[in-house]
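The data blocks that follow each hold one structure.
Same chain, two partners: chain A is paired with chain B first, then with chain C.
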Partner chain A sequence: MMAGNRISFEVMRYTFIIAALAIFLIPIVWMTTLAFKPVAEWTTAISEITWLPKNPTLGNFEFIFTGQTDELIITMPNTATMPIIASLVIASLGTLIAVVVGTLGAYGVSRFQVGNNLPLSVLQLRLFPPMAVMIPVMMMWSYLALVDTFWGLSLIYGIVTLPFSFWLMKTFFDEVPREIEEAALVEGCSQWRVFYRVTLPMVKAPLATTVLFVFILNWSDYVIALLLTRKDWVTIPVYMNSLNSAMTGEMYGSKAAIGLIAAIPPVVLGIIIQKHLVRGLTFGALKQ
Partner chain B sequence: MASNPQTLTLAQQGAKLGRWMTLPTQLLLVFIFAFPGLMIIYVSLSWWGPLEGVPWYYAYESLNWFENYIYLFEDERLWGSIWRTLLIMLVVVPVEFFLGLGLAILFVDNFTGKRVFYSILLMPMMIVPAVAGYMFYILFQSNGPVNQLLSLITGFEIDILWLSETDNAFVAIMIADIWQWTPLMFLILLAGLLGVPEDQLKAATLLGANWGQKFLRIALPKMRIVMIIALVIRAVEAFKLFDVMYVMTKGGPGVATETISVYVYKVTFMELEWSYVSAIGFAILMFLTALGAIGIIILSNAQKKRLANVVD
Partner chain C sequence: MSSIELTNLTKRFGDLVAVNNMDLEIKDKEFVALLGPSGCGKTTTMNMIAGIELPSDGHVSFDGNDITNTPMGKRGVGFVFQNYAIFIHMTVYKNLAFGLEVSGTPRGEIDQKVDDMAKLMRLTRQLDWPAERLSVNELQRLAIGRSAIVRPNIFLLDEPLSNLDAAFRAEMRTELKHLQHELEQTMVYVTHDQLEAMSMADRIAIMDMGILQQYGSPIDVYNRPENSFVARFIGAPSMNLLDGRIVGTNGSTKLDFGDIGNLTPDGNDPLAQACQNAQNSNVLFGVRPEDLKIQPSGSSDQVLSVKVTFIELIGPRSIIHVEGGGHQLKVVSDNQETIEIGTPVGIAPTGRTHLFDADSGQRVE
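Let's turn to the complex of A and B:
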């Protein structure tokens, strides 16, 4: 009886999990294969469905990187190279700002009983929809000549992801035992040196997790880049959605190719920091 | 002890260093809250817009006090978008919650392939939302794979206009959101389930509790805070919904799938009524601040209760 229950539970478990995985994977698989399909296979008749490209091609990638391909009569002046560089630069710099500012602030709050309202004020940043303050931010950015520059976009990314770096580092610092720091203080180290030489090396791994997590968030943004870039520093998601041509209509394959490129880094980084994702997503409130 | 000069200076030193270390955070907060906050309040009390030909600080010339806020209550398109946002929230968040919980229950104990399944299951959450929106945009084309799959399964030629008919577009957007964020619920709820003390479960087993009883009586009460956190995080993000929806339907057909964020975006760039947008923005900020305050009170009460339970 017991064994029978066990087996039926296992069967049920695998059935459900495999069904869920299939559903979760279909959109990803579809976009991936579409990126390698030639123009003729971008769309098919309603009665047939082609999972794998019949004539796989790199034409879509060729088109987005060189602006032309034998398969299409059109050419495109804006290639994907610059948006990819822009996304990398802006997400990295934004991450740097968020993590440096957040780490310093978190240590100050965690150790020295200053800024009692600070953690909640920081959290508010995440509560508000960006749309609500969009107009003043856009005006501020244009007054300060920050629109469509990499530093301008990095700055807003640094601010928007500050809640995550701040709260994550705060919970990490809260967990570091004070005894070691106190021992270093007794030996006459200044408090800054204790932070820099003793505590920071102890949270190296959590810090790396925070960096990767914040990078994923910055890389994933669409709406802020849509509002604050024009042409020089357009990021990948904005570029992707501008890829429509009046002559050929939807550029399905080319968009899928750039979408695939956009999707890869966060998935890889996400798998690397898998263990700490719960912590990151809940602002440090939950551990795994 | 308290008058020991050594410890006093150390504490003072600490406070000083702490103020310096929190300064950048404070500056960034002031930078992003002070000017934008004051500006939307000021501009929202006027008719000012980018077509007025004068800079925003001349907004007092067309001061109208609370006309924008009064119009807020009469604006059917705004209330429509709020209603749609809430509707999406009320459907997707519970669906994601229960799907996530179901999956999490399947993942509590060890089985072959767990790690691989787990990694794959987390992938949708990691996809850039705008890209996820685009994936579903392709899937739901009338000659796209969803219709093709349905045709294959049913044997009829199914030609559903997913994105250009109101109800269908709604369903399509909700499916995209559920696809992307069920993994997040799964992840958080699994962490909660794994955090349930094992000795209590063992004790219950010894006392003859079955699986359902253990789940309802022991695991669920212990997971209350985890569940609240998961629901709050998803609800906040669902309220901001923009990327996926904007990529899939741009709020269309017409205004049929407009959420609050998409509506604000359109009024800003198509109708250019910036003073009115400021009024909407300020109202949203106030509303969310109030909601956030209530949430924090509830959470801290729950935390106190939990601490009290531990003491018992």
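Let's turn to the complex of A and C:
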């Protein structure tokens, strides 16, 4: 009897998990299959829905990387290669700026009671939607010749995501007990060495979480990149939007192909730092 | 050589005076306990010796050299924190080696010293473990080992035993004392546990509300408390302090306790002299529960009449709680005779007694 209950509970549990997964995964599955469908299967030319590609093709990938494919009569002057590189470089650099500045700033504020209202001023950067200030930023960036450069876009990404990294890291630093640092200082350690030998390793897991979070924000930005790039440093989301033509309309197959590629870096990054994400915060050195 | 001298040491946090005008002199190789209730300023005092806090006023000197403004890393002190402050992201070995690595000790020497310290602290088996896997007792030994390994001349310990279980605490008390002899260090030990202070320290500095109340050997503070706070704080069960008044009649003085009776000190008793000196004033009469004896009710004129209210068994002895005339007292009895709750009994001092001024709390002699 008991065993029977147990089994039916497990069956229900797994049914629920699979149902939930199916709902969450539909968009991803749809994008993946779409990327391999020939044009006929994603246009309205045929009046039926195909779940799996009937005639799987790499034509969509061929089109975005070479600008042409046998299946389409149109050609694209811009391939996806440069936008992929641009997105990787800019999102990484923006993340680096936000995390390095945010971490050092947060440490200073958390440990040395400096900055008074600085934490709130940093937060203020997020109080309004970035769009609200993007026109003045566009003018400044254009004056500084930063438009359509990788450093220009990285810089604004670093600034826009700084509040996240700063506040996340500040919260984590606040939780590192002061005594741990004092113990190292008493041993004759310099403050700088305490930071990178003792404190930073202790917040390794939160730091990894912050990196992933900020990277995903930067990686998926569309609006800022749209306003601050022209052609040389167009990023994936902006490039994706350009995949249409007067003749074929929105090129969903190609969009799905670049979308699939765009999903790779966050997933890979997530897998790399998964250990830290799962582990979370363990400040067990102190008996509270 | 490492003596410590605190002069007029004061620490204010806003309006709060954590440590008030403290003078303390700790000799080389001496084991001094800073004892007091929570919030009495003992940890703040310790932090100022280590340099973690800077004094608002006054000076800290080591061997006569003023080090008040010397940064903590340059003072050459070892500090064991109450919560251990172990670097959990490192192995036990790395934790032990930390101080030596910071000072640039050659690798071979580090290995040797870490091995020796691990043996002393019984951590050899755990050397390669991440520190987070250690038990509380092991963390404690690691915390002491990590500070001791650099052989600081001055070793500061902030309630290091407060998180341990009772059996291990007793063991560590002995070991710490042993360690101090072995390393020949000046040791300052913060605790709120008077038993720890009494059993380990050469001298005890008792603090309350930021003020040093008494500084002396354990025997000294036990037998001759300077004021009623020290009298109450040292000893378990704590000293009985009875409100009384000294009245003189027919050339002799007696201690009047109202409804429960009075005591007339014997001429040879130091108490008689003290009573003479405090004629017609309100006093606190102190007597330890061990120095009181239960007697049959009304057996002599040196007996205070009280009633038994509660009996607490503590192993071979018991603490008899008695009450009378608004006074509550404790008597330690060796269980020779059976006493029942509610019985009227007499109690008489059989040993050392103390007299304190009722207003100032200061000892009267």
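Going forward, the second predicted complex is superposed on the first by the 234 of 288 C-alpha atoms of A that agree within 3 Å, B and C clash if a C-alpha of one lies under 4 Å from a C-alpha of the other, contacts with A are read in each partner's own complex, and residues count from 1 in each chain.
The rule is short, and it goes like this: contacts are C-beta pairs under 8 Å (C-beta built on N, C-alpha and C of every residue); 3 or more make two chains touch, one makes a residue touch a chain.
Keep in mind that this is a model prediction, so the values were computed, not measured.
Touch criterion met: A:V267 reaches chain B, while chain C stays clear of it. Between chain B and chain C, B touches the greater number of residues of chain A.
Of the two partner chains placed around the shared chain by superposition, neither chain B nor chain C is touched by A:T149. Of the two partner chains, chain C is the only one touched by A:A183; chain B is not. In the superposition on chain A, contact is made by A:K204 with chain C only, not with chain B. Once the two complexes are laid over each other on the shared chain, residue contacts for A:R193 go to chain C alone; chain B is not touched.
Contact with neither chain B nor chain C is seen for A:T79 once the two complexes are overlaid on the shared chain. Touch criterion met: A:L25 reaches chain B, while chain C stays clear of it. When the two complexes are superposed on chain A, the residues of chain A that touch both chain B and chain C are 185, 190, 282, 285-288.
The part of chain A that touches chain C in the complex is made up of residues 177, 179-180, 182-190, 193, 198, 201-202, 204, 282-288. Listing the residues of chain B that touch chain A in their complex gives 10, 13-15, 17-22, 24-26, 28-29, 31-32, 35-37, 39-40, 43, 56, 102-103, 106, 111, 117-132, 134-136, 138-139, 141-145, 147-149, 151-152, 157-159, 179, 183-184, 187-188, 191-192, 194-195, 226, 229-230, 233, 236, 239-240, 242-243, 246-247, 260-261, 264-265, 268, 274, 277-278, 280-282, 284-285, 288-289, 292, 296.
Here chain C touches chain A in the complex through residues 50-52, 72-75, 77-79, 81-90, 98-99, 102-103, 131-132, 136, 139, 146-147, 150, 163, going by the rule given at the top. Every residue of chain A that touches chain B in the complex is listed here, in rising order: 10, 13, 16-17, 20-21, 23-28, 30-31, 34, 43-49, 100-102, 104-105, 107-109, 111-115, 118, 120-137, 139-140, 158-159, 162, 166, 185, 190-192, 195, 216, 219-220, 222-223, 236-237, 240-241, 252, 255-256, 259, 262-263, 266-267, 269-271, 274, 277-278, 281-282, 285-288.
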